[in-house]
Amino acid sequence: MMIDALPLAVTLPLIGAFAVTVSPLHARGLGLMAAVLTAASALSVTAAVWSDGVLRADLGGWGVPLGIALEADGLSAAFLAMANVVALAVSVYAGGYFKQESARHFWPLWLLLWSALNGLFLAADLFNLYVTLELLGISAAALGALTGTREAVAANLRYLLVGLLGSMSYLLGVALIYAAYGVLDIGLVAEAIEPGPVAWTAMTLMIGGLILKAALFPMHFWLPPAHANAPAPVSAALSALVVKAAFYLALRLWLDVFAPVLNEAAANLLGILGAAAVVWGSWRALRAERLKLLAAYSTVAQMGYLFIAFPLLAATPPGLARDNLLAAVVLLALTHGFAKAGFFLAAGMVQKTAGHDRIDDLGGAAQALPAATFAIGLAGVALIGLPPSGTFLAKWVMLEQAMILGLWWWLIVMMVGTLLAAAYIFRVLSRAFNREPTPYRFVNDARTELPALLLGLIATFGLGIAAQPLWVLLEQGAFG
Amino acid sequence: MSAFLLSIALVLMAGIAAGLIRVAIGPSPSDRMMAAQLMGTSGIGVILLLAPVLAVPALIDVALIFSLLAAVAVTAFTRRRLANDGD
Amino acid sequence: MSFDTWLPAAIVLSSMIPGMLIFLLREESHRLRTLLNMTGALVKVGLVIWMIGGVYDGQNYETRWTLAPGLDLVLRADALSVLFVALSTLLWLVTTIYAIGYLEHSPNRSRFFGFFSVCVSATVGIALSGNLLTFVIFYEILTLATYPLVAHRGTPDAAHGAKVYLAYTMGGGALLLVGAIWLQALVGPVEFTQGGILGVSPEEIRVELILIFFVLLGGLGVKAALVPLHGWLPQAMVAPAPVSALLHAVAVVKAGAFGIVRVVYDVYGVEFAYANGLLLALGILASVTIIYGSLMALTQDSLKKRLAYSTVSQVSYIALGTSIFGPIATIGGVVHLVHQGLMKITLFFCAGNYAETLGVNKVSEMDGVGRRMPWTSLAFTVGALGMIGVPPVAGFVSKWYLGLGAADAGSNWVIAVLIASSLLNAAYFLPILHRAWFRPAPKQWPQEHRHPGRFEIAGALLWPPVITAALALSAGLFAAAPFTPLEWASLIAEREYGR
Amino acid sequence: MYRHPVFAHPRAATLRAIGFALVWLILVGPDAASWIIGGPFVVAATLASLRLSKPRERNLSVSSLAGFIPYFLVESLRGGLDVAARVLLPRLRVQPGNQEYRVSLRSPEARLVFIDSISLLPGTLSADLRGDLVTVHALDVRTDVVEGLTTLERRVAALFGESLPPASDRTIARTTAGRSPADETSARETPSHPEGRP
Amino acid sequence: MTGQVLYAQLLYGGSGILLVLLGLWSFLVHGPLLRKLIAINLMGAGVFHILVAIGYRGIDTPPDPVPHALVLTGIVVAVSATALALAFGKRLDQDDD
Amino acid sequence: MDPVALLSGAFLVVGAFFFIAGTVGLIRLPDRFSRLHALTKADNVGLGFIVLGLMPLVPDLFYGLKLVLVWLLVVIAGATGAHLIAKRALRGDGEDVL
Amino acid sequence: MSALLTVFDLLLTLTLLGLALVTVTSREPRRAVILFIAFGLLLALVWARLRAPDLALAEAAIGAGLSGALMLAAARRASGRKTSPAEESDTEDAP
Amino acid sequence: MIRPLEHIIIPIGLIAVGGLLGWSFFLAVTGDTGERLAAVALARVPDSGVSNPVTSVLLNFRAYDTLLEFAVLLAALLGIWSLGAADTGFQPAASVLDGMVAGFVPLLILSAGYMLWVGAYAPGGAFQAGALLGSAGVMLALAGHRNAGLPSEGRLRILVALGVFVCAMTGLLLMVAGDGFLTYPPGLAKWLILLIETAATLAIGATLAAAYLGGRPTAHPTSGETT
């Protein structure tokens, strides 16, 4: 193959980052161009996985075990597609959101973050994953502090430190794996690994590091301030993509690397933490006074749902039901990615219009921006898990499986979370119904409102009604 | 010969370890910096001795870098920024 | 892909698409909005008429869309769904006309009509649902679409009402969801099938199934306003009149009632439900609601609240009919779905007209409105008499069949309930009629808007109640003719009890 | 008119470049290909060097260097032996104190060599340089440090081709009274108070 | 693998583990940014220690270059993160004034 | 035994001796300035002897020259460092104005 | 030889760990940073010992040089910020 | 006073972690894992274009890691820049320090070159070289040179992003040429690695020095050397 889309998806944003670093005056134009190219290359990867099956590229031509490979199977392709669509929307939004000075800081970091995301989804090497994780963490923390307020800087400093701790833990696990099995390629490790203290410790360290980065309760403390104080497009990317990437990696390791050594206790622990996250995050979201803080706590809760999948996956024997469950989990993650990004983008618009984001005083701004409010509503539907969103479908499958397994308590947790989510989302939406008539134009600023609306639509209708392709995509190497 | 070199290195290493005392008791930053200097110089000695023992001639480059960077560390230690720097 | 497989989806989309487009319109684009609304409504009417014919001929219309393996979105037309679809389509058309007139000068109409259309789409979706999953989906969408309508006015009252409404319906939705998932986990995908699918279920899951029934009933009962889950309904009265009309007559409460019918007949199967005592429980619940609603209505001075409690009471006739084992009562219950809709929407339209023209919101202010607004009051009278069960208005037919069915099934206590309820109905409606027609008008109405035209009020506000009243009347008068609700109900009962 | 140092001082530039090239040779060894990297880096080093220290016409005197090196080595050795002897004997033989010395060397390089060499000579340590005044810390104020300093300064001056004023003009400006080590220990540097201030 | 090599691996790997623990402890209990950063760097050093110990193959056998390369990457990453964190800290200090 | 090796060994021992002296000085001496004496002088000489002692072992000329270069750098850095530290101790850090 | 190496290794690791312990327990920022620099030097030594000169080079250059310089700047700020004059200081006890 | 978290939970947790780690590490090291990747890596070093095994791994076998690592450095620097302007500089150095700086900075530059060159066949390489260049910058900054010898903003921006760019472009061009991403053709490997390393050295050096300055580049004219 002459042009391999796999490395392209990682390299293009890097070159874009170079371009915008070098000529900051044209940051927006160059950045958008790089964004479009990157998204195109990444989506072409997904398309290729869809049509041709698992893709693999041996970088440097050495092959495993010596070289590093990039690999895209259904799972990575699905996350890749989501991340790139969201990232593209965020880019378009950012084009309208950032003005001259902050734009020159935003774009290169953003493209580096993007490259890390694509790299992470495509990586097939444990150490390479460490590097992408670090790139992700550093660029994310730097982006999060772009507002420059004291809260933002302090929160993102904490995020940076926690992220470092997480990566260290992960790297320690990798070191153990390398010590015991002498390989770093995910496939080879999976072949070599066998149950025993080494594998368990490595698993604990790696997954532990990742749940720190994925902000699973009680490691979530860093997330709300960091995500709530970042500029809106960055919040969107952080909440929708960055924590999701950590989850993806945990899932990937769980499924691919540690499959032979899994034990139910660990899965249940993750599930319990997830359940606690659902309840706690939702509760805090309900009590939040600021819109973005609410969204950030909602992310904590949503990450909890994803981790509830682990005990379910562990308890389900391989087969159709497990495949379905896995697909549902992925669907949940993807939907949340779209929805949360849409939510943050729209919230950013509302905040910009109102000059603040105190929920209780948002009425006028919300009503003056029907498209943004609508986007919040659509995203909210997906966050709650109401039909026709993808979340609804995913929860249905997960809950059905939980009931089939007789694990009814997960159902209770998820329903409690759902009701709390409904409460906090409608707490926001109810502000949009104000007495005073407002000049009604659906779209006021296309560049910033349409991306949010589009993301909301994808989360609520796209993934709810047309989720079937996800199953087809996951057929490519992710099931079984 | 290796054993002899190694024992000399051991002596130097013991010196470094003893330097820990100064590091621990201080009392002033200068004293600790001095101890760090000592570790640097003795470290160079140890490295130079280890090079033939381990048959890694490249260790001399490490010594070279040690000597160059020792100056940087000391300089950094003794300099302070111009006023209005948060202090 | 033939037209037959797309017809149900087309019926749902015929209001959904205009609704979505309306959201995008500028506030000032009255004409375009009206055009979209009316086009959608008329297209839908056309499609439904087409479908009625087909279903009558035994044609099978089914849209099936796989959401995920094992989870299909199924829209299917059978006799029961057609009945509900026809009702909602017709009443949507009428209500749209009414709403255009009613909201002529109020703000945020694009939003209003957008959600209005979505709301009707959801109702039609509920009607056409071919399995429990689809039903749940549209049931929740209905909640979502009605919330903005209830909150539309933006007053603190509206906000509060909407909040209460949401709390109830979300809770109900959650229960329904739990029940549906639980059921599906037990028996696999739950397709609505005439005669039910659980009759053959093994003995050991029976207790669980009964439990699930009550969970489902809890979910459905919220929208159907079964006591004690009815609390939202009087609160939601703050909504604009067309919304109240829609909520009470067509969309929300009917969705609940319709769901109960579906679950009893097409999921559990009436025989299974009967054998396990589920019907009895439902019947008692319905009876309690009927009596309680009527008693509460009696004490209300606010006209809309009185109508709301009346709804609480009347909708439970449907559940009551369902709960009586035997085809005759089924006919009564099912036909009441339509009849109550026609009558209640008339009443709400009229209440809206009173409030709009005279500022009259309370029963005690209604002295002499009959002469001041004769057409409206005439329509109101027809509706009210129908509610009481006075022949030949439609309500009588429902009650007659219910009574017959109860007698047939040997449930004599039901007859007692019916009689008591009718007396109570009379007790809270007749005073209104008396005031309207036989008491002198006050010197000054609370807030009078004189309409310049030939009639007491604009045509868009006048004709809808008159038409629905006429329909209610004719549904009673010509009950035996083909294609009347009664005939459909008989068809449904025949098929459900089948064999 | 500004002239780049390379053109302003072609001789210095060449000499330095040659010097750096020699260092490169020492570092890398004889490897012709290495000059691909070595060339540019020698040039860069030379440019940096010219930027950082202004070339002067007087330059290193080779003959003096030949004399200076052995002197320096021997004095360093003496310095080492001196300090070793002092600290290794059971009773510390030190009585530290500061003295000041007026330095007459002009060029920074010469001053650097002078100051650095002071610290390597027996018993002395250059502790400060204010204007022309060098504060010299003596390990034992009872010994005569001035003589050693004068000798050193003369040699350094010769090395850099500087001429010094007559000896009488440039004797010690001031000698601070040497304090007893006991004083200083108790007053300033109390080992028994590890974190400094008593 | 000779006993000597194994001994060295265990000794250096073990001290790496101790460093990790020490760093982790310090990171958890100490508040100031600088101490946290030092702790993290110490932890990193511990992890690198483990990796280098794994790569060690005896006094006269060339070591495994792969862990060395990994550690080199790790060092650069660590210094980048440290620099960024210090810049954050500086920014916070400025706000204090 | 080879006299060169013997000499080299002797140099190394002497070097180690100076290092020990430096360390002892660093610990024993009463004040900072005195300790700086020990550090600079003893260690530089010590390293010088180590370098001398290693000379016979060098694989080639350049390695030997490099050893000398290292020593020179250490001497310069050590002496300058000592001066800077002493000055800092006298005046506080950074007050490096003329 | 082997025994010597063992002792050497032991001494090296003990020194390193001791230094690390002193470093993390230092409350005074400048002190901690200086110790950290020393730790970096020792770490480089360890890596030289483990035949990883590449790492020793990098650690010497980065650990002692850059990280050290960066942290020293921060430490100076941190000590300067304290209300009481720095816990340990060179200036004040100067003559 | 006993704080339960600090005095009980954390120590116990640490002991547990330590025990687990130690045990696992012992098992991992003593388990019969043989050579790990050492044998295969060392065996392929001759094919890699350079003879220093670590450089082979870094810039050939695992060059992709290295590419991302350049990106990490760039991200950190951009993050630092985004936080505001640089600190005030240092006071100009007095003669002694000045003299040492004048001597050491060229030597640091030269050593950086040496590291860069030697990396191909002996320990060393771009990182070490870059760190030395960076140290030269730090030294200049410490001696009071306002911009640490770094060029003006425009050129500095090119410089710091150079590593990422050259590495990525090399990879892409090789891919377009049909060899595969970062797959060096046998004859060219050495020179391509040298090219990437040179760019990386400059980038790392500039990045580290700029990171030390700690803020957005200012418009001041440069002082000191360029590179």
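Letters A, B, C, D, E, F, G and H name the chains as they come in the text, with residue numbers starting at 1 for each one.
Methods note: a residue touches a chain if its C-beta (ideal position, glycine included) is under 8 Å from a C-beta of that chain, and two chains touch if they have at least 3 such contacts.
In this text, all values refer to a predicted model and were calculated from it rather than measured experimentally.
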Chain C to chain D, fewest steps along touching chains: 3
Reaching chain H from chain D through chains that touch each other, fewest steps: 1
Greatest separation from chain B - chain, by CA centre: C
Between chain F and chain E, distance of the C-alpha-averaged centres to the nearest whole Å: 29
Rounded Å distance between chain C and chain H, as computed from the means of their C-alpha atoms: 71
Length of the line joining the C-alpha centres of chain A and chain G, rounded to whole Å: 39
Overlap residues in chain H, where contacts from two or more other chains coincide: 21, 25, 29, 35-37, 41, 54, 61-62, 65, 69, 72, 75-76, 79, 83-84, 87, 90-91, 94-97, 99-101, 103-104, 107, 111, 114-115, 118, 123-125, 127-128, 132, 135, 138, 142, 208, 211-212, 214
Touching two or more other chains - residue numbers and ranges from chain A: 127, 131, 134, 138, 141-142, 145, 148, 153, 172, 176, 178-179, 184
Residue numbers of chain C (touch at least two other chains): none
Chain A-touching residues of chain E, taken from the complex the two chains share: 13, 20, 24, 27, 33, 36-37, 40, 43-44, 47, 50-51, 54, 66-67, 70, 73-74, 77, 80-81, 84-85, 88-89, 91-92, 95
Interface residues, chain G side, partner chain H - complex: 53-54, 56-58, 61-62, 65-66, 69-70, 73
Touching residues (chain side chain D, partner chain F) in the complex: 23, 25-30, 73, 76-77, 79-84, 86-88, 92, 94, 96, 98, 112, 115-117, 119-120, 122-123, 125-131, 135, 137, 139, 181, 184-185, 188-189, 191
In the complex, chain H residues that touch chain G: 52, 54-55, 87, 115, 123-125, 127-128, 131-132, 134-135, 138, 142, 208, 211-212, 214
Chain H residues within the chain E interface of the complex: 6, 10-11, 14, 17-18, 21-22, 25-26, 29-30, 35-38, 41-42, 45, 53-54, 56-58, 61-62, 65-66, 69, 72-73, 75-77, 79-80, 83-84, 87, 125, 127, 204, 208, 211-212, 214-215
